[in-house]
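Written out below as structure tokens is the structure these notes cover.
Think of it as A, B, C and D in the order they're written, each chain with its own count starting at 1.
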Amino acid sequence: MKMLINVPETVVADALRGMAAAHPELTVDVDNRVIVRRDAPVEGKVALVSGGGSGHEPLHGGFVGPGMLSAACPGEVFTSPVPDQMLRAAAAVDSGAGVLFVVKNYTGDVLNFDMAAELAEDEGIRIAKVLVDDDVAVTDSLYTAGRRGTGATLFVEKIAGAAADEGQPLERVEATGRQVNENSRSFGVALSACSTPAKGSPTFDLPDGELELGVGIHGEPGRERRPMMTSGEIAEFAVDAILDDMSPRNPVLVLVNGMGATPLLELYGFNAEVQRVLTARGVAVARTLVGNYVTSLDMAGASVTLCQVDGELLRLWDAPVRTAGLRWGI
Amino acid sequence: MKMLINVPETVVADALRGMAAAHPELTVDVDNRVIVRRDAPVEGKVALVSGGGSGHEPLHGGFVGPGMLSAACPGEVFTSPVPDQMLRAAAAVDSGAGVLFVVKNYTGDVLNFDMAAELAEDEGIRIAKVLVDDDVAVTDSLYTAGRRGTGATLFVEKIAGAAADEGQPLERVEATGRQVNENSRSFGVALSACSTPAKGSPTFDLPDGELELGVGIHGEPGRERRPMMTSGEIAEFAVDAILDDMSPRNPVLVLVNGMGATPLLELYGFNAEVQRVLTARGVAVARTLVGNYVTSLDMAGASVTLCQVDGELLRLWDAPVRTAGLRWGI
Amino acid sequence: MLDADFFRRWMTATAASVEREADRLTALDSPIGDADHGSNLRRGFAAVTATLEKEAPDTPGGVLTLAGRQLISTVGGASGPLYGTLLRRTGKALGDASEVSEADFAAAFRTGIEAVTTLGGAAPGDKTMVDALLPAVDALGDGFAAARTAAEEGAVATTPLQARKGRASYLGERSIGHQDPGATSSALLVAALAEANGD
Amino acid sequence: MLDADFFRRWMTATAASVEREADRLTALDSPIGDADHGSNLRRGFAAVTATLEKEAPDTPGGVLTLAGRQLISTVGGASGPLYGTLLRRTGKALGDASEVSEADFAAAFRTGIEAVTTLGGAAPGDKTMVDALLPAVDALGDGFAAARTAAEEGAVATTPLQARKGRASYLGERSIGHQDPGATSSALLVAALAEANGD
């Protein structure tokens, strides 16, 4: 697998140098791997810190800025960052009002953020945490590490970020983040595997004429393999998998998310099918976002995330945001 | 090649339905394939219309909105739209101040837009035209159809769009667009071919361990095939190919553009190398944009576009823009 | 003499052979183009036959003018305006006669081809549709079958050429060794003429 | 008795075998994980040996505590905190003695493994590193070579299991039939113990 890189070992550092050059509005600490809003800490406001393995860009570094994250910690490709990064990020952005960690539910992310929280609290920083676990492809039971955090991360970071920007206290920002996660469900499909720089070849074999249903965002195979389906059939499968697990009475935010290598042309076409199925199922749509937001390197495929919103959550969703990856209202 | 589609024949229509659902701020005429700003025509202002084959998203439909295009006409995949679309678009957005066609220099695009211009003028619409031909991989000579229009299209649409938004007259908007094109040069590389829905398989074979230098955005092979190079070597090759053809004395806008399937992580890393080479060559950088803007379906690879800007062009670049694909300042 | 029905048959036969050969045309457009020539023409000629059935013009000129306009409105790309112009200008040159001789047609077709070279700027040897169309019209004096052979030979003869027009020209010397898709579809168009004539 | 030098040799031997086996560990992490286990541990143990050279702690506890802290600071993922905790807690349990007996070490290592199960919540049979570590510590009474054999058998025995912890658990029944990468690296860690002892 060819890649536009120098050597696998410097992929993350190279990307951070490139981000620094493109985004003067960010402070990028390449050595310590922390991306911070230039104006942080913002006096009196709760700060949001997230992070995770690299390879999901624009998540999380592309979501740092007013109205969303205060800082992000990129780990190695598909590898949770280490506690040192999170601690450094928290110290850089805390104004005294506390820090909310937004953590995708993977063993590595959970363990490392937990360690960082302990260390931060030792240093007198108040820490709260929202765990994102929205992927209905994984059964949340004793027999799994629980549901994965995928597309809903964007909703949590945006909406909790807006609450923090308004000056809401840590407990309320945390509660809002949790509510967004509880209101969200995702389902993803892969048409191809992805290749990590370290491995240099696809993480699994997916023959022509087949697709993986229920994949995560780390190149893991999904729950099931099937003969290739049309965009309309995939939309039905994904939406129904989500609606099996939630019955939205309020309108939903829709994220039709590309895994990285699926053209925007196809994503928009897939969105048309997702909307068709939602209408058929009687689900009202408040807002729709289509694009590559929570990616899986060069994987072809897409995921659907629905987030049920009341008027207050919708107001926070619509609030201004200014980041590299998501921007409106300012 | 698997694709997230229903059938190849409806790919463009499906995508337009999906755009309509995601973007209430646009009027999407699916049957006639025209995407128009909801507030068009804007009284007293010059309108910008562009278009071209589909498969380059977000170009052009994703650049419709305040501060950029008034309307876009998407053709079939990699096929110029037909004059009927352009005429309809021009009629929908003309406020009487005239319409600027932004045309990428391909035989099909040029012929179809020329026919549309004739028809529009018959209907009393004043038409001006900017031809974009920035790709230094193609020699502009009697032996070619001239340079291709690629990444500079984004610069032309953004900067001429800002001039139009300020209320500048047609002649000045046209002159600004031409100047941007003259100040711009691009060079692209492919690490893989792309697959069109109609063909269903890669447009050319590119063995592992090789790359194509000097490709366009339609899955055509480039000018030359070489053994795979590092990100740093590619940056040197691309920047030097551009600087062979222009010697910027003013600072430049830099577009590090993904072809569609190259992860953002890699694009940022590539940007770091592009910036390194520019610094080494003594070229000052005013602004940098990194992302998938002028794509080639699922092609892996990237292009570099430089656009030399004086204070006035930079002011217009920084002016507010609100489109699906590019947004700042509002 | 050739009547409106003959020209309708020409268009129908072209549509059928383009439909049959669409994948080959697209495949030819793949190494030196953008892999859409077959689907472009299939879309265009399907629209042409549909519109001819609906509007049923009753003169040779009417049939070709309508066919040309329809190609312009439905194909896009380089081939849409070029083939559209070819048929439209040929049709216009035929005027409103209800029947035309083979010689009338040959003269009108030459006018159409000249409009193509004016519009696209291609000269013979530039590796375009012109390399099949010009030999065909030159051979028309010897009948439709001779024109078909000339067009086919012209298409094949584009293989060793370096393209100077259209997308293939971007490839420089790498365009050598591939048959031009547009010249190939032009040979289909001319062959359909012979077919419409029952040759 | 085992001194600081023995534990330094343990870490160096682990780093060397992880370096050698990195691609295999990553390959095992590919069908049921995210293809990074080898590069994770390579990065971590390279940092461990570098820091041990620089800081040169002079007690067994000091060596392992520092090694564990270093893994936590450089690995990330699931294995970073887990292996880091394993070594750090083993080191803490060894206190500041300048030499420890094999029995002292076995007891401390069990404390470290218990910390891993507390932190990660994995029980035996969940298809994790625990399935190699627990048999190893149980066999330590019979010497390092016996522990090595037990760890290797434990790693191999993860193949038919369905994962209940970590990423592989997302696969449900599809995780069956693959050897767990973490159990495999744990077997390398235990084998390095025997190597450090000259077995």
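Convention: a contact is a pair of C-beta atoms (placed from the backbone, for glycine too) under 8 Å apart; a residue touches a chain by one contact, two chains touch by 3 or more.
Quantities reported herein were computed from a predicted structural model and do not represent experimental measurements.
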Taking the touch definition from the top, what connected groups remain once chain B is excluded? A, D | C
Compute the distance, rounded to whole Å, between the mean C-alpha positions of chain B and chain C. 31
Let me have the rounded angstrom distance from the C-alpha centre of chain B over to the C-alpha centre of chain D, please. 53
In chain C, residues with contacts to at least two other chains: none
Among the residues of chain A, which are close enough to touch at least two other chains? 77
With chains as vertices and touches as edges, which is it: line, ring, star, complete or other? line
The chain pairs that touch are A-B, A-D, B-C
Touching chain A in the complex, chain D uses residues 26-27, 30-36, 38-40, 43, 72-82, 119-120, 162, 164-167, 169-172, 174
Help me check something: in the complex, which residues belonging to chain A touch chain B? 1-7, 10-12, 14-19, 21-22, 54-55, 57-58, 62, 77, 191-192, 208-209, 211, 228, 230-232, 234, 256, 260-273, 275, 285, 288-290, 292, 295, 297-298, 300-302, 327-328, 330
Chain B contacts chain C in the complex at 8, 53, 75-84, 106-108, 111-112, 115, 137-139, 142-145, 148, 196, 198-199, 203-204, 216, 218-221, 223
